[in-house]
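This is the structure I have questions about; it appears just below.
Every chain is named by a letter (A, B, C and D) in the order it is written, and numbering of its residues begins at 1.
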């Protein structure tokens, strides 16, 4: 054992693994798009791409929030219900009221933040597992929305055209919704990657006990993660309202499983500590693209769900394989002690 | 730290199991006394039929959750079993072969989950979300958008019928038999001891000679088998085989199990509590509907109960701690 | 063993016979408890339908009740039927989510003396007393094809955006449409795809989008459901396809007004849904009071709608659908 | 060198966990520029003191003063902010994060817009490793690091904090001599820069080499604080244990019988290779070696909880299939594992369930368990081992460490083993219990049970074993008879060099 110099700067093995994970999705996506385009070139038309991106936008925003929670070794099943409540709140507010879009976005996100804070407080201070809490709030929030809506529906013609335009209008060819989703993605991605706060979330998920010992404000971060997830679900609710124009109390029902699926496909480990929001967003994009591609490829739409399911299994299986490989290679390089 | 925590956890758990049974009994009594037509024998029959799928699927689910895993694919297994039943019926197969085949199918689907979770060692939450989509998708592939009806009246009538002229529904036999089987396995056999051991600490269980992988694998098979049975019963009850049968039931089952005091982290739970949880949810739903309270209220009540079932004992403990 | 064919032979042997005899002069009872169970709540079309029912029940001095699931599933409907049986309603007016799945419960209700009237989407004939048909299946199918043909200029690709894959009424109209399209005068119209939006706004929206992507030469989307036509119109009105693809089908004037005005939609049709609920209440009351039994040929009076005669299989046809265009749409408010 | 006023004063602190009084009214001072040793037997309360300084536990009574002012360390963040850096007994790394991030967590160098400057962070980690003289890639994830490397990362983490007070809870337990020397060099330079060090170790040679002052604890109480110049190692031991060591190892003489356990050439890459030995009935064989030498893996592989690549294991002439604890149990093997909390017990289950778990099939009637037989059997065995508990239905996690160890022993003795393997049987249990456990092992051997004991405590090895097998880096390097085994000979075999003791 002798002293050694600084290790030569080289690509971190960690980054390579992460990149490999996301690369896999990108590759799958590329293959899918290529195959589909060959069979039907219109799949790559402007309108078609725009539609796919628009459809991805909402799922991606939810997936980013979910990824933040999952990275901390928690889960948020209430996002679908929160989306519904936020969409209905905003819809009611805007019903025959011409308020600025930005206000709608803030109100929607605000609704989500409140729900998220509730989840976070229950998880952290109530000491209740996240799965139980958010399964509970999934029911409660949906129930509240139904109560409030009382079976009514908000139609596109009751919403201000400014708001509906926001759902369709574009900036230099890119829809606002997509821009907003990208903004959310980039901000969250950068915070998670390059800010202390973000790294602490990873640390908490990687080892909750060590996080406590490292002096990480676990309570604040846990609640923060749920607030982000809730807030983004609320934001997604506004996007939903703008995009679809018709809102009833059932908006977003069953979304939670799609979102978790996108996150899992995107390579975020369900036991926390690893993965990225980029992966989650790619997962959302992949799932959405599969949906569109199957329609274009004239594959029976009934196959769609089965394919999504098989893909999830494939994704987590591949992930495990990569992880096992990396673990083996790390062991072989081994400790310098022996 | 852990010593303090665990000391209170034991009593808290026992308390909750008793509490949920007590709450259920109280709700039943109050509902019978205040809600018109709740206490009728006919309504009892409806109630039993309504809780049937949740009640039987919750039994193996309890064991799975006690080992620290979860199975979210149960409702999709139910759907696929139902779809295959319809498909085979359309193919003019005799119902006497279809039913065992559907049960077998359920077991195989469970085995697939078991394979991914125990052999490949993947997290069960992710695996069963995957198979949730996969099995439901296959159900649509098998049966497409059609619905198959006209199952033999002798079978459908049995499922909706009662024992002789008594008001006791036939399917109650199935529920009771399965509850006894799973209850005895969990609480009075070496397998049950191993289930709790694996849930409490997989490693320590292995050091005591238990094989966690095998155990979990068979629990997933059991879960699939019972879900397959639930698919058959569902189909016969509504005399309608459809690919979307039972969609979304998985969360209701998990909610009932957790409400019954089973810890999502494994190692803790008791079947009587789970059965009480199922009955509580079912009778609340029934009573609220009879009193013209909308479905929505039930959503809220379910969610609040679910959170309260863990939060309540936690808070009570903390209060006790402060007093000391 | 027991197979499908062996059961079918048994099944056909047992038609439901309605007991009792009609007394056309029996007075309509007061205080009848009439419950509406639509496919699902939260659907504007449904709201208009049951709204008509509520008015009729008021006229009949009965007790109106509306229950229903939030998801359009048959199993939840069954639970509601069971509840209605327990509550000893006199009439259940139901739109079946699955014609067979609700059958055993409906028959249980009828055994308990409750009259069952189906509307919107029929249940199996053996388990209801009467069915209010919005228009004859034939009539709707023909008029849908006629509108499509006009909009397509007689030739080109058309697609259908329907509700759920097993919606009874939609499927029977589509059946008629297919027969119509097979006729020589429609030979140049090509039905390329039937998509299902599940009467879910968002799903319909996405499906419409998928149709346009897959079939670049599509000329017309025919959506025989109010949810589908609204969603498809909304998508097209905001996309590049506006003006190139025509939308038609069955829609609610209030929902469609915007799209008729902006030119996305030239023409669509519908009956007055409120009248369906209205007629159902009167039919139920007549059944419950013994004026009719549901047999073919029986006559009864349905308030402001006038006289009706029961057709084959207990069907009561409301009347021909109305076509809406930019010229007349402002005269309707539902 | 040492300042005259203490940097940190611990004043009459006490801490209890339920019924266990872990620390009782302990006071001592840490001075800047001085290394202070804390010694005591397992369970004396050393780590509890550390955790109170780290803000993990809050003292039930007493105060901690930093530079003369009382501080309330209610969370690890408080301790960090107060300038106290801690190396815990068990490494606390984030397996998914890179080594550099593990070191930098919470103190990452910031660049533009307060983003983390990764390059600088990696550079810092690299510099720390250079200072420690080790070659760990700062970019690799912490997952998969060996225990020793993990410990080194922990040390780097503490170094990076530039703390006034550095507390090290057995940092050397997993390190080899060279690394210990490097650590000491760094520790000395920290000390000379004016930091107050607190150092915990069971190795007296390390204490004498590094420290100026020593505080001795016994059963949660302070025994004394002395300058190392004023006290000999023998005196320290006596103060720690409170009685003569001889009484601890009541070894009975027995004549060994037939071979009960025969291990031939078992290997498992990369942990151990080509291990062969026999244990005869009535014999106590100790498996000695440094921590990390692979002893636990060997016995776990014999028992079947770990796989093996090659070799055979025979019990009473019957060959055991690898990887099946069930078969080993049926053949009469019992393993009391080293990690009580993770491997030995189901902490959340009752005492009764824990004791009867390996025998649940044997206790069942027609395959059913009604509870009565389990309860009776559990009561019999816990009573036999004089276990102290409230009710049999209490969670085993509520028991004190020693009583937990007794439950593990009861669990396995109840299976009536022919071959008893014990891995660190007295780790973390108090002096009295330790003697009881030794008496028990001795009497079992006298009854004809073959005992294989893994132990890191030399006195225990020397006091109890008929024969000592020594492992080094996964290989069996020596077999010493009772007469041949001395501290020197065992340490020599274990380290491959002259012992410095």
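One rule holds in what follows: contacts are C-beta pairs under 8 Å (C-beta built on N, C-alpha and C of every residue); 3 or more make two chains touch, one makes a residue touch a chain.
Predicted model only: the values in this text are computed from it and were never measured.
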When each step joins two chains that touch, the fewest steps from chain C to chain D total 2
Contact-pair count is greater, between A-D and A-C, for A-D
So the chain most remote from chain B by C-alpha centre is D
Nearest whole angstrom, what separates the Cα centre of chain A from the Cα centre of chain C? 39
Between chain B and chain D, centroid-to-centroid distance (C-alpha), Å: 44
The distance between the C-alpha centres of chain A and chain B, rounded to whole Å, is 29
Which positions in chain D touch two or more other chains at once? none
Hey, what residues on chain A touch two or more of the other chains? 146, 269
What are the residues of chain B that contact at least two other chains? 144-145, 248, 295-296
Name the touching chain pairs, please: which are they? A-B, A-C, A-D, B-C, B-D
If you look only at chain C, which of its residues touch chain B in the complex? 1-8, 10-11, 65, 67, 69-71, 73-76, 78-80, 82-83, 85-88, 98-104, 124, 164-166, 196
Chain C partner, complex, touching residues on chain B are 36-37, 40, 42-43, 46, 50, 89-90, 92-97, 144-147, 149-156, 160, 234, 237-240, 242, 244-248, 285-286, 289-290, 292, 295-296
Can you name the residues of chain A that touch chain D in the complex? 1-7, 9-15, 190, 194-196, 199-200, 202-203, 205-207, 209-217, 269, 273-274, 327, 330-331, 334-338
Can you list the residues on chain A that touch chain B in the complex? 75, 77, 122, 126-129, 131-133, 135-144, 146-147, 254, 257, 260-261, 264, 269-271, 300, 302-313, 316-317, 320
If we count contacts the way the header does, which residues on chain C are in touch with chain A in the complex? 41-44, 47, 70-71, 195-196, 201-202, 205-207, 209-210, 212-214, 216, 230-231, 234, 238-241, 254-255, 257-258
